[in-house]
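Right after this note come the structures.
Each of the two complexes below includes subunit A, the first together with subunit B, the second together with subunit C.
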Partner chain A sequence: MLRVHNLSVQFALPHKTVYAVNGIDLAVPEGKVTALIGESGCGKSVSALAAMGLLDGEESRVSWDRIVFDGKDVDDTHRPAYGKDISLIYQDPYSALNPRLKCGYQVMEPLLIHGICDRRAARKRALEVLGDVGFSDPGRVYNMYPSELSGGMKQRVLIASAIITRPKLLIADEPTTALDVTIQAQILDLIKRLQREHRLSMLLITHDMGIVADIADEIVIMYLGRVLERGAKESIYRNPGHPYTRGLLRCIPRKQNKDRALFTIKGHVEQLMSAPAGCVFAPRCELCRESCRQTHPALVSINEHHGVYCPLTEGGPHG
Partner chain B sequence: MKTSLRIIGKAAFFAALLIGIIILANYPLLILEPFGFHLQDVSLEQVVTTVTSYIGNLLHGSLGTYKRRLDVWVLIETYTGSTLVMLSLSLLIAILFGGAFGYFLSKKQKPRTSTLKLMLAITLMSVPTLIVIVGVQQFFLMLKHAGLSHLPVAGFTTWRHRILPIFCAALLPGVYLARLFANASDRVYQTEYIRAAVSKGAGRARVFFVHVLKNVFAQVCESIQSILPLLMVNMLIAEYLFYCPGLLLVMVNNYGNPDVVVGVSIVIALIYTAYSLIFNWIGRRLNHHMGIQRKGLA
Partner chain C sequence: MADTLIGVKNIKKVFCSPKGDVRAVDGVSLRIRRGETLGLVGESGSGKSTVGRLITRLVRPTSGKILYCGRDITRLGERQFRDLRKDMQIVFQNPNTALDPKRSVRDLIAEPLLIHRIVPRHEIDREICRLLTMVGLPQAVMTKMPREFSGGEKQRICIARALSVGPRFLFLDEPVSSLDVSVQSKILNLLEDLKQELSLTYLLVAHGLNVVRHISDRVAVMYLGQIQEIGDTEELYEDPRHPYTQALISSFPEPDMDARRKRIVLAGEIPSNTDGIQGCVFHTRCPYVRDICRRQAPEIKMRGGRMIRCHGTGDAI
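Showing the complex of A and B:
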């Protein structure tokens, strides 16, 4: 559904230009869920917004070799209709809904924007979708303002607004991060159900490996604006190639390790301004060699659907 | 209980204000007493008698007299209509001009501000109304001599006489509102729900009219009352220079007559309160369902 080749995003700071995203490739197969994983500030959301063309500020410069959406090249003459072909679920439902517009209007707005139907039909469809996302009384929610809803309800409204046009691609930017734990599970179940029912292609941005295990088909691991590992979920969970991925997987709390201290990856994420020249994970990597500090490693294939940007991976040149 | 106390507090405040106006209108030099200047020889009994007599008259519906024993009500009835029309139209023009100019001044979705726009706003805000009016009068006189305009630059007999005073009185408050509008607009454009609207496919016009304008107006609305005093002062200058009298000019021209000053002050205070309440109410209505803290900008 979506293929992005060599996407870069630069931010011009007063004395320096930094790469928030540095030459990443992304792919979201049709009807599948690709999870973009990484720590806060590693460029996950920026990548998604840039690929959608929503990062057109004066201080950012977005470049790519090729973006293919739904089999067609994306360029200035052909762009997917945002809100119709591609929809986005925002991280924070508390700020992503306009406080002065009724929820119903915000749900049906994409239909009105893209002229898909008239206001009456849009209202009917909005009520259907509000029912779809789990509201027992859609008519009431339709006439409510965001401040009258809880965080979980707001996120349901945002999801309803995102799926009302039956988009070809849904980008979910950490859809459960701002919610409390009990609501997170409900929203995740809802997203999973809707993805299966509508066979949605989805790019899920998250830092939670637990969520990924539950919902994703493909995984892309990002760190400091670079992709470190990509592949099918099963292959990555079974045979993680990059030291960072192995560290992330060891960070997941497990029942059998309940008496042990939780594993943490040593060190801290470097600032984008002082990102290393070679492998971006090198300063924290216990296996790092001198060559890792010199140049960004090339892609090493573990199998047909699994690649790692690390020369120390088994099967790689130094492995 | 709390509401009753609040009402009693407000009533006491207005009563104190009224007494203050009565004392100042009758014994203006008393204001200097606390600073050690004893310029008016008045006893406390005299002041109390004057105040009680005024309040007694007020309760009987009388505002006193002016010149040849004419009732102050006659003055008020004559000029209140034109003052209300001028104030309402000036306010409307200030809001419309402020909105349009504020949109021009705002950064919209661009992160950098334009120094030129900021300088333009500050320059316009610093030009005294007196100079603006004189400049406008000269300009329209020039146009009149050239046969390009027949707009009168002084007088009060027709509605056309009011056009220039209204525009001149509205200019400075309009620029002030434009700054408020631009600041509020910049804040709204930075919110996540604007980015969400863009990601739905909303164009610039839709983002502005559906998502930005209502939020900006709700923020600016309650601040509009803060420009009312400025608007009134500008109206006074405009009334004077365009010779287009209203209540404000009447009050200044009769400052030696305490009855007129007190009567007109009360009416002007009532007009001011009414406008403030209207914008306060609109602001509250706009923020009613939002559960968000209202943020007055002034």
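Showing the complex of A and C:
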């Protein structure tokens, strides 16, 4: 559905230039969920926004070799319609809805803006979609203001407005981070059901390895604006190749490491003020060699569906 | 009991709001043993943070008793409490707002040392160095300002500040929830090490269930201002008995391909605690609800080594 080649983003701030994304490739296969994982500041949200052309501030510099959406090249003359072909679910349902407009209108707004149908048909469709996202009484929610809804209900309204145009690609940016665990479970179930029923292609941006284990098909691990590892979920969870991925999985508290000190990754994330020469993870890597600091590692295939940007993966000391 | 550091007896806290009274904490009793970590879990509005704030006297209870080493601290005046303030310290959720941005690390840590006259003035710098080393920061950071640090480092500074007065008890209010996982693991390790080294007692409030499991000895589960279940961490996680605990634990997304459990998805939302709920507070969402649950509120009772608040059906318990 979506393929992005060699995407870079820089932010030119008054006193410095931040290299947020440094030449990444992304692919979201049709009808699948691709998860973009990484810690704060790794460029996961920025990558998604830039690929969609939603990043056009004066200070941002976006470049790419090629973006293909739904079989067509994306360029200045041809862009997918945001809100119609591509929809976005934001992290924070509290600020994503307009407090002065009724929920019903906000749900059907994309249909009206893109001139897909008239108001009457839009209203009918909005009620349908509100039912689809789990409201037992869509007519009532239609006439409510966002302030009358809880966080979980707001997120349902947002999801309704995101899927009303039957988009080809849905980008979900940390869709449940602001919600409580039991409400998160409801929303994840909803997203999973809708994704399957409508065969939605989805790009899920998150830092939560638990949510990824639950709903993703493919995984892309990012660090400091670079992709370090990509592949099928099963393969990455069972056989993580990159030292960073292994570290991330090992430092999560779980039953098996209850009585032991947690694994830690030495050092901390630094902002990049220049284009990186070698592997971006090298300064924190336990296995780092001289060559890692000089050239960006090539992709090493672990299997058909799983590749790692680390030369030490194949037959490396860690097996 | 001799090994009890803090005893909480039937405390209630009612906040008055224009929309009606909010019963944030509604009759909580628990005890925290010397040297243990008690985890308090629950969703937003369950009252878990308020319990910690009541114990550390950031808010005063509407009724009930809080005993610290057997002494009822709810009756103490501000002056009498000042000495106890040194014993009980707090680490807040957001280190970005917990530190005054205009003061250097030296000033920030010196403040509690001066207020409580912990060391003579000429020894303050040496004491600050000792505290920084203890939390894993180099001494050179003394002259820096909070904005020069990452979130994890700021949390270390907050911990150093809390430890400066030599507390016996720390209330950890979501200490790692604003941090990335790779930073989170470092802070959790630090808290574990400090607890051993300084014989500390912790009350940990967190919504990350795996974090709570990792460092707690016992866990209390709260819902709408009441404790629903309390027991040893491993027993409670492996065999949750209260229907709410079962749903809560099954809802947490496990980062493990093999640990996929059947998820219990609760219907509906958490009711507001301004409306007085008749019967069990959980009955509106409980999958095992019976008539009695709607009529009569269950008492919290000891059942098989665990305190549980549930009328209990064959299915649930």
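Just so we're on the same page, the second predicted complex is superposed on the first by the 303 of 319 C-alpha atoms of A that agree within 3 Å, B and C clash if a C-alpha of one lies under 4 Å from a C-alpha of the other, contacts with A are read in each partner's own complex, and residues count from 1 in each chain.
Simple rule for what comes next: contacts are C-beta pairs under 8 Å (C-beta built on N, C-alpha and C of every residue); 3 or more make two chains touch, one makes a residue touch a chain.
Every value quoted in this text rests on a predicted model; they were computed, and no experiment measured them.
Asks: With subunit A superposed, do subunit B and subunit C clash or fit?
Replies: Once both complexes are aligned on subunit A, subunit B and subunit C fit side by side.
Asks: Angle at subunit A between subunit B and subunit C: what is it in degrees to the nearest 10, using CA centres?
Replies: Taking subunit A as the apex, subunit B and subunit C sit 80 degrees apart.
Asks: More subunit A residues touched by subunit B or by subunit C?
Replies: C
Asks: Return first, second, both or neither, reflecting whether A:Asp208 touches subunit B, subunit C, both chains, or no partner chain.
Replies: In the superposition, A:Asp208 touches subunit C alone.
Asks: A:Ala232 contacts which: subunit B (first), subunit C (second), both, neither?
Replies: In the superposition, A:Ala232 touches no partner, neither subunit B nor subunit C.
Asks: So, A:Ile116: does it touch subunit B (first), subunit C (second), both, or neither?
Replies: In the superposition, A:Ile116 touches no partner, neither subunit B nor subunit C.
Asks: Is A:Leu287 touching the first partner subunit B, the second partner subunit C, both, or neither of them?
Replies: In the superposition, A:Leu287 contacts neither subunit B nor subunit C.
Asks: Quick check for you: in the superposed arrangement, does A:Ala27 touch first (subunit B), second (subunit C), both or neither?
Replies: neither
Asks: Return first, second, both or neither, reflecting whether A:Val68 touches subunit B, subunit C, both chains, or no partner chain.
Replies: Neither partner.
Asks: Which value in Å is the smallest Cα separation between subunit B and subunit C when the structures are fitted on chain A?
Replies: Taking the overlay as described at the top, subunit B lies 12 Å from subunit C at its nearest C-alpha.
Asks: Subunit A residues touched by both subunit B and subunit C?
Replies: Shared contact residues on subunit A: none.
Asks: Residues of subunit B touching subunit A in their complex?
Replies: 109-112, 191-193, 195-203, 206, 210-211, 214-215, 218, 286, 289-292
Asks: Going by the contact rule set out above, which residues of subunit A touch subunit B in the complex?
Replies: Subunit A reaches subunit B through residues 52, 54, 57-59, 81-84, 87-88, 90, 92, 95-101, 109-110, 113-114, 145, 147-148, 158, 161.
Asks: Can you list the residues on subunit A that touch subunit C in the complex?
Replies: It comes out as residues 39-40, 150, 152-153, 180-186, 188-189, 207-214, 233-234, 237-238, 247-249, 251-255, 257-258, 261-265, 268-269.
Asks: What part of subunit C is in contact with subunit A in the complex they form?
Replies: 43-44, 150, 152-153, 180-186, 188-189, 192-193, 207, 209-211, 213-215, 234, 237, 247-248, 250-257, 259-260, 263, 265-266, 269-270
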